[in-house]
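Input: one structure, supplied below.
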């Protein structure tokens, strides 16, 4: 069982310079209270690994605007002009990774694989510096695991063991990232007593969760 | 939407010589009615890809006893002495694969990966004939995808789109195999109208399912 | 009928019943509006829903249910929520029947470039590389030229999205099928002649006999 | 106390509170009976449950809820059902704190052989190779000898389960920790002398000072 903690206490656990896997897709299913707490404590030099950097004023966009971030590994930054500006000015280093490759690299880290072979990116810029391997006559890129010092996970409902349920398109990267952070912090909307969630509804087993944020309201 | 079909009609779709991914772990979560129908139609020369061959008289054990199977790819045959006897007599060819590797190879086939790198099997007999690849100073085996002509899936509940829910330890290989069969046949306990299952409860999207068996009762 | 509607209507004719379809943001998403009522398909949004529905009535939006562009949507009966690993597993694993994407350039090999203009626009590839590498049928829907300049070229000079021949190109001027030996002109747009298409296209076009006009 | 109970009681002392533990079929599964009441752990069964509970009352079995040996079990409050990919993801990904397995042989390198006797017994490795390769702590629990013959050898002659030094070996005669330079004898079993252990063991044992007796 875990005592639920406040967002600022959770943000204090995350040192400057840390690498963070952050759930969410254009801000949907992102851990918004954790992000606000990181902005409030003026976190610096973070590496953010996420699908995208949302929009200015939303989710991960707030970390970008507030100067918390020095590196981004994402599939898409197109809807956040600030990320693009800071990339061009050299303030933020950006690695672009195809979305399917990004989630498989994170999964590989979480499930103890040394990498995966994907057809995505063959014959494109993504190929650069990577090993190409032929299996059954088809070429694949070897993509290596991508872990984070922390994973910041948004969930719909938790219990005090840390078991998590997600809602609709707010799943996205969250269930995968929950396996790949050295320390995993979950931010649920609500928390219910242990035993209330059916074992079949659990999508992230609580044993993966290190810290649980208080419910939203 | 799919019309639910009878087990014997489903078994008629499966030709002799086909390779079958069959869900289940010691018979728990196996498609028992499909197996019985294959035995009844005296299927021959099947390749069975499954975690195990259960026990004589149970699940996949019935296919073994009835002489339906010429090849087994599994992680464990220890509780079925008939499989062991038929292996020794040369009637059945057996490939043993570590359980975690087996499920990742099937997943790789289902999700379009050319293979995965696993630490499991390094320095053991499993290594034979496989490429070893070093990532970040650690050795891994390259394990390649494993697909089936058919996947025979047991589920707890379906709707007529083919969306599936599973129960407790009857999940096991089923959700993974449902991605890796050229033709996928699902055998649910019950079938409910479309719209009854919450999108968040669906573990196998119906678009993966080609044929749906009638409910059990 | 404006160029975009022509394109969307024509692409809609390519969508087969009972299939899984991914529509890109912008022009491709208009295709859904022109499907015949009796053609039932499941739309996938790569952010994690199979069975994407229309925009909800005002005040009934769910912040946890959006399309890949972040717009509020609903879910049809029989929908399924999936995580990003499953979403791209379906795409890369060949379970997605059709993807409709926009394009910046496309060339005689049938190769698409649609994710970056070096030094100008670097949005990232998002899901595009996986979609083009993995979907069974890849349809590129785009206006035929950009500011009067051809977008269908001998060879793309923008970075490629994938080293794969796409299935079909639909513009307001033409339907073009990339085949083994080049680009086959299959149809012309409303009021457009074969010569019009040729002069708006840098790439060589293969023309076999009479080229019919789109039936919209 | 028979040999198996000695082993199970001693292994139970190694289990840390609030951890995830996988117990193999047979002797290892007995360990659960000897955990102190205040030590709460989650037991994982590799067939897909975290939070394995005791055998249900007769007539209340669920055919869809068994342990990895196929025996009926229950689920504790806070349990989670998982598929085989997640189950082995947890194992191989370093999320499993402790695995307790049986052994056929173990050697001075700390390498375990426990899945086949060529020409005699070929059950398959099941989950053993993943468990030994991936768990944070690997405890081998086994009787010290087989029909009077040592099982702890200079070098295994049966096929290895993994090329990894296990964390601890617990028998009814000894607790042995494989370390960089060999096998360190840490404790002796009830009524067993260091000389008894040495003569029942083929492998060289490192002995540092006084070797304490197990406290059960």
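Which chain is which? They are A, B, C and D, in the order written, and residues in each are numbered from 1.
One rule holds for everything that comes next: contacts are C-beta pairs under 8 Å (C-beta built on N, C-alpha and C of every residue); 3 or more make two chains touch, one makes a residue touch a chain.
If you want to know which protein each chain is, UniProt gives these names: A, B = Acetate CoA/acetoacetate CoA-transferase alpha subunit; C, D = Acetate CoA/acetoacetate CoA-transferase beta subunit.
This structure is a prediction, so every number in the text was calculated from the model and none was measured.
K.L.:
Check every other chain and keep only those touching both subunit B and subunit C; list them.
P.N.:
Chains in contact with subunit B as well as subunit C: A.
K.L.:
Which is the least count of steps on a path of touching chains running from subunit A to subunit B?
P.N.:
Minimal hop count between subunit A and subunit B: 1.
K.L.:
If I average the CA coordinates per chain, which chain comes out farthest from subunit D?
P.N.:
Computed centres place C farthest from subunit D.
K.L.:
How many Å are there between the centre of subunit A and the centre of subunit D, using C-alpha atoms for each centre?
P.N.:
35
K.L.:
Roughly how many whole angstrom separate the Cα centroids of subunit B and subunit D?
P.N.:
Distance between chain centres: 29 Å.
K.L.:
Distance from the CA centroid of subunit C to that of subunit D, rounded to the nearest Å?
P.N.:
Each chain's C-alpha centroid was found; their separation is 55 Å.
K.L.:
Could you list the positions in subunit C whose residues touch two or more of the other chains?
P.N.:
49, 75, 81-82, 85, 88-89, 91-92, 134
K.L.:
Among the residues of subunit B, which are close enough to touch at least two other chains?
P.N.:
Residues 104, 107, 111-113, 118-119, 166-168, 199-200.
K.L.:
Return all touching chain pairs.
P.N.:
Here the touching pairs of chains are A-B, A-C, A-D, B-C, B-D.
K.L.:
Mind pulling up the subunit A residues that touch subunit D in the complex?
P.N.:
Against subunit D, subunit A makes touches at 107, 109-113, 159-161, 163, 179, 194-195, 199-200, 202, 205-208.
K.L.:
Mind pulling up the subunit A residues that touch subunit C in the complex?
P.N.:
Result: residues 25-29, 51-52, 55, 74-79, 84, 87, 94, 96, 98-101, 103-104, 107, 118-126, 156, 166-176, 203 of subunit A touch subunit C.
K.L.:
Show which residues of subunit C lie in contact with subunit B when the two form their complex.
P.N.:
Touching subunit B: residues 20, 42, 49-51, 75, 77-82, 85-86, 88-95, 134 of subunit C.
K.L.:
Within the complex, which stretch of subunit C touches subunit A?
P.N.:
For subunit C paired with subunit A, touching residues are 45-49, 62-66, 68-70, 75, 81-85, 88-89, 91-92, 121-130, 133-134, 159-163.
K.L.:
Any idea which subunit B residues touch subunit A in the complex?
P.N.:
104, 108, 111-119, 133, 135-136, 138, 140, 142, 144-145, 165-168, 199-201
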